[in-house]
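One chain, chain A, links the two complexes that follow: it is found with chain B in the first and with chain C in the second.
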Partner chain A sequence: MIAYLSFELIVQLVVNGILYGTIYGIAAIGLSLIFGTMRIIFLAQGTMIILFTYFGYWLLELAGIDPFVSLLIVVPLSMIIGVLLYRSLFKESAEMDDKNASLLLAVGIMFLVNNLMLVMWSANPRMANTAYTEVVFSPMGITIPFTRLIALGLAILSAGLLTLFLKKTYLGMAVRAASENMLYATLVGINPHRVNTVAFAIGIGLAGVAGIGVLQIVPFDPFFGFTFALKALIALALGGIGSVFGALMGGILLGLLESLGSFFVGGGWAEAVAFGAFLLVLMFRPEGLFVRSVKKA
Partner chain B sequence: MENLLLEVNGIDVFYGDVQALANVSIQVEQGAIVALVGANGAGKSTLLKTIAGVKQPSRGDILFQNQPLCGRRAEQVANMGIVLVPEGRGLFANLTVLENLKLGAYPVKARAHLQESLNRAFELFPVLKERVSQKAGALSGGQQQMLAIARALMAMPDLLMLDEPSLGLSPLISKEIFELIHTLNERGTTILLVEQNVNQALKIAQNAYVMKTGSIEMQGSGLELLANPEVQEAYIGKRWSKT
Partner chain C sequence: MVSTSKEELLRLEGIYKRFGGLEVLQDINISIGPEEIVGLIGPNGAGKTTIFNLITSFYRPTQGSIFFNGKNITRLSAHKVCHRGIARTFQLVRTFSKMTVMENAMVGAVFGKTQIGMQASHNAAEALELVGLANKKDNLVAHLTLSDRRMLEIAMALASMPSLILLDEPMAGLNSAEIGNLLKVIEKARDERKLSFLWIEHKVDEVLDFCKRVMVLDYGVLIADGSPEEIANNSKVIEAYLGEPSA
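What follows is the complex of A and B.
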């Protein structure tokens, strides 16, 4: 194996890792937001991502809408679905001190959507093809697929917009305050349902972005979602909860681990490397790698 | 009584099966400082939390400006003009000083006056102006308490409730906080104050209630209670009572 090793190859592995990891990052940011205000891991996040991948797939196959144009439909739609999910299912359970009800709801949604997708689209793996799916850039002997580059751009753009929202608007500040302490947030007059709704809208909206990102990058099937949610969870743990930047970096780090791990350790071990890193981080730096924690006031 | 701002009428509050408040009634007049004193576990904080809508009473009612508060959620009570600075100060440690202050003006009617409120806060607390971009968690204890009070004022509250504002502060800083409370009151803020520092609290309070195991034990003006031998014995201690 070492005989094949060249500088270009290493760079290629790193580039692949970064390009793929940003999708994990976007999924992790969504998880992080929902966890922030609701204190639950929204396990259905990965399944929602794949649902939106199928939406994009349908828009392409049935209506001929380019995947990146379909973002304009899928993202608003996914945000509305996020609002409806919260208002119809989570509003009651969010009030309870016991978080198990919310967690079980998330798991229930995961199974429901999973099987719904199975009925509608079968278990056959699919992948979208457009005129530019095969387009690659080759700077200095490295292969960079055009679609992955766009996915990277989308990830950075959404992370940037979200950061602006969280830092510069009153509502965004309220979301951050509620993530830190919901009781204190209500004492300054913040309505918990309002911030939870916003967290769900943005979290599921990001699932829409990630879903379209996946569409042309890897073959997907309905079961892909659960693995994806686990990966997002690992990315979140690596990066640290409560920071958009941290979650994105966690995703990229996970992408790198998988890419380099599958080459150096062997394809079948990629996930073992990722989970191993997850355990190590939880053991030695449970607050995450990219978070500077401030002691409680 | 005239100009009654807040009226608590015979409330019972339970934590599970444990009764924390039994038949508690208090009144707060517009423009007054009212102190609640008593030992740990007497139910002082529970009373503030119940007024703030964090806990709901199982019996009795609470009227604020003649409107019933019972059944309202904490954020609704805050939007009505009652702000609680909880024990532990309730700051958002990872947010900056400025962000904490801005969030204080979250209620819609306060947000319209954001800039003037900020200017007023910086005039009252020059130290906060120097530290606007620092995280609240990085401030010292005294500065955090100042920030907590400054943030509460950003809401332009009709009633400011302070839970143990001097807790964990040095005597010097603690004295500053009491002077501040006095100043705020002179400028027109009505204050409901819970304090362990009975001596200081009774000195600045027009009216005070002594609580014991979930009930009101005594009531009177601050100076009356301060002179009361029972109060001196139980809460102040002879050594300090002469000063």
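What follows is the complex of A and C.
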């Protein structure tokens, strides 16, 4: 295989990695946000993403709505679902010191949604096809699928909007404060339920964005969600928890690892390479690669 | 010494707190008036910080009630107690280190009293001015000295426009120049803002010098409440700090 190796091929692998990794990045940002205020890994994140992929699929198949137009429906809907999830299920457990209750709830949601999807859409892999699914740009011999480029744009746009929200609005400031120390945030007057609700709304909202991103890129089935959550978790560990930029970069790095890993080590090993990198980062730089660690005075 | 005057800001009435079988506070009755600076001293483990945790609703009392401005706040959640006008600082400084000085003060201003816009930035800026951090408002908190972070914590409390501030060992880790500065800020805050302070401190001498009224807690019981002179000559207090005189 080394014999086929050319500069164009390397560039192609890198481009593929980056384009695919951005989807991991969006998922990781959502995980990071919910982890920030709730202090749990929201394991159902991947399953929620695939749920919204199916929503997009339905909107396309049944109503003929273009996937990227359906963002206008799916993202607000997913944010509402995020709010409802927190208000109905997590509100009580969020107040407990023991975070395991919240974590178990997330696992429960994952299995529930997973099986609901099985019932509704069966286990057959699906993929959406539109007029432009097959459209590719070929600058300098490199293939860039249009749909992946759009996904990259979506990722950058949502990361940018989220950063603006966190830096420039009072509510964003409260989310950042609560992520640093929820107890203290509460004592300076921040309503913990309000910031948790915001974290869920945005976190699940990002699952909506990622879900639509997945729709035309890879074949998906209901079980795809769990793998996705694991990937998002790796991306988060690579990038460092608590930074939007870090999570996005972590996702892209993971995409690169998988893309290059599957070529140089073999397709079956791609995930082993990703998990190996995950373990190495946890061993040697547990705070993440893209976070400048602040030393406490 | 439960005062029944109308001039009363905070009242703790028959407060008990147990953790499992451990009785941490027994029948605590405290009353604090407006513009009072009250020192709360006592040996380690006497239950001083527990009183703060009860007032700020971080814990619920096993028995008893807490009134603020004549209203029962015993069962309010922590952020609502803050909205009513009780702010707090911590023994181990708790500021948001990944945010700037101004952002920290803004958090205090916006969420401490749910005020928004110009009013909030005005209050935040004014609080930073009062504690002398106005020139560092764009610095990242992680880069501040301990003394500056302590001041910032007080500024965050002030920005929420409280009527009572609970100070938990504000002098811990500060040198004498910094302590002098801190005392000036506290007096200024009381005079300009008509505030009351309830102040936990390990440094007994400073408290007796500075506060007009001091309370002493020992093993969960309030053993003295009075002027510094009364406290210094109270035999129970001397016993609590120095042990029983050997015969």
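Methods note: the second predicted complex is superposed on the first by the 294 of 297 C-alpha atoms of A that agree within 3 Å, B and C clash if a C-alpha of one lies under 4 Å from a C-alpha of the other, contacts with A are read in each partner's own complex, and residues count from 1 in each chain.
The rule we apply is simple: a contact is a pair of C-beta atoms (placed from the backbone, for glycine too) under 8 Å apart; a residue touches a chain by one contact, two chains touch by 3 or more.
Because the structure is a prediction, the values reported are computed rather than measured.
Once the complexes are laid over each other on chain A, chain B and chain C cannot both fit and instead clash. Of the two partner chains placed around the shared chain by superposition, neither chain B nor chain C is touched by A:Leu62. Of the two partner chains placed by superposition, chain B and chain C are both touched by A:Pro192. In the superposed model, A:Arg176 lies in contact with both chain B and chain C.
Judged by the touch definition given at the top, the superposed model places A:Val119 against neither chain B nor chain C. In the superposition on chain A, A:Tyr184 makes contact with both chain B and chain C.
Across the two superposed structures, the residue set of chain A contacted by chain B and also by chain C is 170, 173-174, 176-177, 180-181, 183-192, 242, 294, 296-297.
Touching chain A in their complex are the following residues of chain C: 56, 58, 77-79, 82-83, 87-88, 90, 94, 96-99, 103, 106-108, 110-114, 116, 120, 142, 144-146, 156, 160.
The touching residues of chain A, counted against chain C in their complex, run 170, 173-174, 176-177, 180-181, 183-192, 242, 294, 296-297. On the chain B side of its complex with chain A, the touching residues are 52, 54, 73-75, 78-79, 83-84, 86, 88-95, 99, 102-104, 106-107, 111, 135-139, 144, 151, 155. Taken in their complex, chain A has these residues touching chain B: 170, 173-174, 176-177, 180-181, 183-192, 242, 294-297.
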